[in-house]
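Have a look at this one before I ask anything.
In order of appearance the chains are A, B, C, D and E, and numbering begins at 1 in each one.
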Amino acid sequence: MLKLVKTTSRKAGLPPGSPVFIGEKVTETFGLDMVDYDTENISLTTPVRLEEFHLLKKKPSNTWIRIHGLHDAQAVDRFCLGFGLHPLTIEDILHTGQRPKIDHYDDYLFLVINLINYNDATREMSMEQISFVLGPSYLLTFHEKDDDIFDDVLARLQTNKGRSRKMGVDYLLYSLLDRVVDNFFSVLEKIGEEVEDLEEELIAEPTPETLQSIHTLKREMILLRKSVWPLREVINGLQRDETAFMGEAIRVYLKDLYDHTIQVLDTVETFRDIISGMIDIYLSSVSNRMNEVMKVLTIFAVIFIPLTFIAGLYGMNFNTSKSPLNMPELNWYFGYPFALSLMAGTAIVMLIYFKKKKWF
Amino acid sequence: MLKLVKTTSRKAGLPPGSPVFIGEKVTETFGLDMVDYDTENISLTTPVRLEEFHLLKKKPSNTWIRIHGLHDAQAVDRFCLGFGLHPLTIEDILHTGQRPKIDHYDDYLFLVINLINYNDATREMSMEQISFVLGPSYLLTFHEKDDDIFDDVLARLQTNKGRSRKMGVDYLLYSLLDRVVDNFFSVLEKIGEEVEDLEEELIAEPTPETLQSIHTLKREMILLRKSVWPLREVINGLQRDETAFMGEAIRVYLKDLYDHTIQVLDTVETFRDIISGMIDIYLSSVSNRMNEVMKVLTIFAVIFIPLTFIAGLYGMNFNTSKSPLNMPELNWYFGYPFALSLMAGTAIVMLIYFKKKKWF
Amino acid sequence: MLKLVKTTSRKAGLPPGSPVFIGEKVTETFGLDMVDYDTENISLTTPVRLEEFHLLKKKPSNTWIRIHGLHDAQAVDRFCLGFGLHPLTIEDILHTGQRPKIDHYDDYLFLVINLINYNDATREMSMEQISFVLGPSYLLTFHEKDDDIFDDVLARLQTNKGRSRKMGVDYLLYSLLDRVVDNFFSVLEKIGEEVEDLEEELIAEPTPETLQSIHTLKREMILLRKSVWPLREVINGLQRDETAFMGEAIRVYLKDLYDHTIQVLDTVETFRDIISGMIDIYLSSVSNRMNEVMKVLTIFAVIFIPLTFIAGLYGMNFNTSKSPLNMPELNWYFGYPFALSLMAGTAIVMLIYFKKKKWF
Amino acid sequence: MLKLVKTTSRKAGLPPGSPVFIGEKVTETFGLDMVDYDTENISLTTPVRLEEFHLLKKKPSNTWIRIHGLHDAQAVDRFCLGFGLHPLTIEDILHTGQRPKIDHYDDYLFLVINLINYNDATREMSMEQISFVLGPSYLLTFHEKDDDIFDDVLARLQTNKGRSRKMGVDYLLYSLLDRVVDNFFSVLEKIGEEVEDLEEELIAEPTPETLQSIHTLKREMILLRKSVWPLREVINGLQRDETAFMGEAIRVYLKDLYDHTIQVLDTVETFRDIISGMIDIYLSSVSNRMNEVMKVLTIFAVIFIPLTFIAGLYGMNFNTSKSPLNMPELNWYFGYPFALSLMAGTAIVMLIYFKKKKWF
Amino acid sequence: MLKLVKTTSRKAGLPPGSPVFIGEKVTETFGLDMVDYDTENISLTTPVRLEEFHLLKKKPSNTWIRIHGLHDAQAVDRFCLGFGLHPLTIEDILHTGQRPKIDHYDDYLFLVINLINYNDATREMSMEQISFVLGPSYLLTFHEKDDDIFDDVLARLQTNKGRSRKMGVDYLLYSLLDRVVDNFFSVLEKIGEEVEDLEEELIAEPTPETLQSIHTLKREMILLRKSVWPLREVINGLQRDETAFMGEAIRVYLKDLYDHTIQVLDTVETFRDIISGMIDIYLSSVSNRMNEVMKVLTIFAVIFIPLTFIAGLYGMNFNTSKSPLNMPELNWYFGYPFALSLMAGTAIVMLIYFKKKKWF
């Protein structure tokens, strides 16, 4: 299950801007690869020395550097300081579990977003923080793990399909964010299937496990929502950005991306409403079942209680020889048939009563 | 039932603006018809070659082209590119299940809305996306299916009734949107009837199926709301539009249309409130019934339990001959009548007690 | 009960602005009366020919025309067109069940509001749409029925009490709206009494009918709210109106009217909160009663079950002559008193247990 | 209990601005006292003739007039008209039960607020409307009853403590409002104690009366909130006031007062949340108790039902002499001990089962 | 448990700005220590005479004075007046339990915030008010108790690590606020652990104590939220501050702090949602258990009731010698086996019925 809060106690008491990694300890080594491209050429390398980055900053071509393995806080800190990032930026990169946000610095735009992954096998969601640093001609992306979410964007760059090579790093940033939003749609689609499975289960035969699943789903929606609401603000912030980092030509794309984010949000809210309704259905089906159990008990009890009473009556040991008033029925010729008929009659009257009450 | 999310996984990983159709696969072929009209003349044709459209763009007359069969993504893409539409517009047209929205492009206005159809027989709603492209003298409408929703608007154009021929394509767009909003009213009217039927059923005799119907209705309202809220924004966006596509003369009509949309929204919200109240009524009627069942059980049990005990008492086999203390009642002359009177008395006391408690 | 939606299907498919009456068919004939007044004189007539109205428009005196009987759509349409009203205005006048709104036209202000009537006998609310058209020196009011809501305003005009004759038609409009808002207060006062009656009933002895009444009330509040919220916007719109129809001197009155509308809204919201609380009280009183029923059942069952068991025990037919171990109690001298004491002892222990548990 | 709506029907149909007293009929006579003060002197008198007030208006000293006994509408009306108040102001003063509000007139500021009193003995709240009229050098306060809420402010004025004599009537108004807000804190403190008492009662031993108390509290919070929300707007309105009535030096005090009002609001909202939670606790404790009752019943029934069956079995009268198969146990030497052991065994198995289920 | 309202009645009736301490009476003596620092030097002293402070005000170095022991209202009042603080500021410092707020005075900025402490042992939260007064080169912090929350900030100042000594008192204020917000994260982390413990308990074996814990948690979230919402406004107010107290260089830090506060708020809201869901899970698990109890009762009753009836039937004493119709079964050779088979058959049929109903 998704953790509610990341362990932040390691940080409390340290000065603001301390480069401490906060997140799950995954033994992933620090690594990076760099893509340098313009309309004509594209190269994919893994530079080692810091000076190479400084040279790139001055080149007119576009550069995209993917950094993964935030676990190694020292390495990330050294790289970022070398790149001239603000200490607060570095803190936010390393302190994963951030709320998505956009920060404007003089030299660059800084974005944090959450990527949600859905594991088909375990039906569980996991969350990863991805940070973006957009400079005039470079884009840095920081990943917790060496994931493959942006591989197809890279493939498009390499095969020079679409507009990607013709436009700048702002379009690249847009493409990556579009990929992230598309990923939300995929997750929602799978959750939608789960919701529909659960709805069928609810109607067919709800069990306490169904309720458990509904609550897990509800909790996932709470956490999903917590990622998408601020993402909307981030993309809106990009749209309204008045610095030079996002070109004018990119506006129409951002508007489209914003609309898609709203649609994700809308779907999340719809799911929340539907899941709330499912809890109601579950609870009322539990009541209905209880009602049915009660009815069966009541029908049996109410039919047999008078019969047992009659049987008990004629089981009394009053001495018939002492008085003609003492249980003369016992000595009647038709005594037993009379008692049986009395019982049958009582039972039939009861059954008619229940039929009229529509209890079965 | 309405699907919660459209299958979007086909699209994830493709570059933004890819012309892939997303929606239910309906084997409907691509087709279009074109209406060209001015105050004097009107013609209805089905052009084949793309050049014809280009000519039309330059003509002073008004042109309305209805395209249906979005399933054939290649054909739609070719047509739209030929018309000069932006790739993102084409993606939004083909990717049905969009949230209603309005986009301003340099050459045209782009609108997406959802049309809700209500099937009287199955009492089910279905949703269709309709996209509008409004240029200076042309209007394109894209339909998933070859529906007849706009046929009466066309008929009015042909018979030259009302203002429609005298005014431009902006008035035509208004007329079509007005038709869509009127359609919402029709759907709401039918849902209103369903709500009233359910309310009567609730008072007369609620069953678990009643609850199921209430929940289906609730879910439909959630999805209806999801279509109407953004529609409101779209029409508001049209009203506040400062480009030249919507003429000044059309403002008063758009205000009226906006008011009607607000009224639709109001009614949707009212229905949601009323449906929530119905769930409460249902649940409390279930409790009431349970209460009644419990009372019947309790009355029977509480009356007969003491009687059965008395019968059991005189069914004991204590040896009356061994001691005068052993069940002398069995040998009394009025023993049996005494026992019966004791029982009757107990029962009467109980009945009086329940009467006082107002249990029946 | 108030209808949720008016039958609008008669209209779907007609061109915008069609003069079709939508509302309950009441066989009320079209009629109008006209009041013409200035500081000095007042006349009350029923004009027949349309030209008379045109003359009035040019007169410096103030004219108030009351039209009722909207059922006769043709007559209303003819009158309104003669007066120079926009087709959309006429559609809104005839299409009753509108959401309250204000529209600014070049020549006049158009207002729609809902009047709520409360029938003391049946304790039911009914709704009527009243439309206002305010021109420079005339005011038209359109009523569904020939109601008497504005009769006292007319009486004040005739007796020349207060400021009414000294001021223009804008003050007249204000007086009429003030009358409508006062009417809301009267309705709320009656509903307040109903709420207090129900609260007493809830504490004294709630029945399923009480719940039914609460839900009817709740539903009425939903619909009342639907009329008052937009009324607030309408009056706010009047206040912020920058056209010349509402004079400067009227501002302070409109502010006061606005405050009263807010107070109506506040009271409606308070009632909603209180009514929600009443449902909770009802449900918990139902639970409490169920609890009590269960306790009675349990006390009886738990006391008599062991007693009946003991009686059953000594009703067994083991052959005492075959073995001294077989039920020797039956032959004891104090056998029967022993059994009775055992029973009484058991019962007393049970009663002490329940007393300790505070079950009675 | 607080009335939900004041009786307003006396007013409906009267012209706007009619001086009719609306409120509970308390037989309190009209009265007033006047405080005239400047830095040097202070005098407390009860003027009789209206001309005296006119003279005061022109004096440079500050004047505070306290009017009570609104019941006598004619007297209040005469006084107010003499003072030059607008008819709408007089209507608002007399029509108690107003929503707190601020109105700007040319000559004065008009404020209405609600004072909440909490009766310690009956634990009930009552509400009183206080109206303020602030002119350039005078302040009028209108009270329904001759209450003593402002007596300590007057005492401070007389003893010349603090800033009160050095500053104008705007500071006096602030002091009075501060007193009213402090009064809200006192009421909230008492309600807080009640809430804590109820919380303890809930944990110790909740009864239906506890629920009744919670609901009374909830209702009081609804009405309290209805008084405080608009008060916040009123004080905000004073702060943003651009007329000359509130001096610049008073701004910092109003900001502080505003903060306190927000704090009152916050506390009211917190109480509402806590009270809602208490209803949940109550309901779940009722369920828990029901559960316990059910368990006791079930344990007894399930243990004794099989035992009684066994006793009944050996109470059958099959003729053992006709066949060796007919109940041979009855003639066994260890027949009775066998039956008793069978019963004890059954009971022990049941008890172990319940122990395992953790039912006791 | 956290108190809902502080005792304010001591204050009601006093003039605004009275220096009365409102809070829990803790016998803590008034004390202060002073830190004076610039880039080069730092000194930590405990000044005694008031004149020393006046000198410091004029020195170019930065001064931070920590005051604790607000219980001694006279001492605090004397100190603050000596420092030139406004009486309203002093009142707010002493009147603990304030809502967090920011006030702009001519000479200084005044901030109030709430610090939440979480006691690991008792799992209880406590709240302390900390007030800040920020002047051009000095910062005063007022603590209720002599807590150690800011000790590590002081340690950083002393060891001259990070930016703290190079920047002004505005950065110091930021560092302290950052420490407070980090403290909220620590508290939330611990609450998150509690939530996860409770979730496991809920699934494993919920008891009424679990519900009690959930409600305590819910109440704590209500009060936590009450502290964090206004904190957000305070920090936003600092960000938008246009006076010279907060330097331009500090903006980027405040933005970061603001983002963290939003994240705290987000987490609080998420916890509230999750805790609400837990109450639902608890209640439905209680229903489920009740259901199970009912089923066990019903199964036993419904199986044994018919068996007991059969046993009772053959326990009747009809005289077999008087008529061949009177209970001939008693004299059959296979009478007893027949009765036992009848009973076994009935029981088996019942068991099959329950199996089919899936009751066990």
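Side notes on the structure shown:
The definition used in the following text is that contacts are C-beta pairs under 8 Å (C-beta built on N, C-alpha and C of every residue); 3 or more make two chains touch, one makes a residue touch a chain.
Chain labels with UniProt names: A, B, C, D, E = Magnesium transport protein CorA.
Predicted model only: the values in this text are computed from it and were never measured.
Chains that touch both subunit A and subunit D: E. Counting hops only between chains that touch, subunit C reaches subunit E in a minimum of 2. For the two copies, subunit C and subunit D, the CA superposition rotation is 70 degrees, given to the nearest 5. Averaged Cα coordinates give subunit D a centre that lies 25 Å from the centre of subunit E.
In terms of their C-alpha centroids, the spacing between subunit B and subunit E amounts to 41 Å. Listed for subunit B are residues 287, 290, 294, 297, 301, 305, 308, 312, 315-317, 327, each touching two or more other chains.
Judged by the touch criterion defined above, the protein chains form a single closed ring in which each chain touches exactly two others.
Residues of subunit B touching subunit A in their complex: 3-5, 7-9, 11-13, 15-17, 86, 88, 92, 98-99, 101, 103, 105, 205, 208, 211-212, 215, 218-219, 222-223, 226, 230, 279, 282-283, 286-287, 289-290, 293-294, 296-297, 300-301, 304-305, 307-308, 311-312, 314-317, 320, 327, 329-337, 339.
The touching residues of subunit A, counted against subunit B in their complex, run 152, 156, 161-164, 174-175, 178-179, 182-183, 185-186, 188-189, 192, 195-196, 203, 252-253, 255-256, 259, 262-263, 266-267, 270-271, 273-274, 277, 280-281, 284-285, 287-288, 290-291, 294-295, 297-298, 301-302, 305-306, 308-309, 312-313, 315-319, 322-323, 325-327, 358-359.
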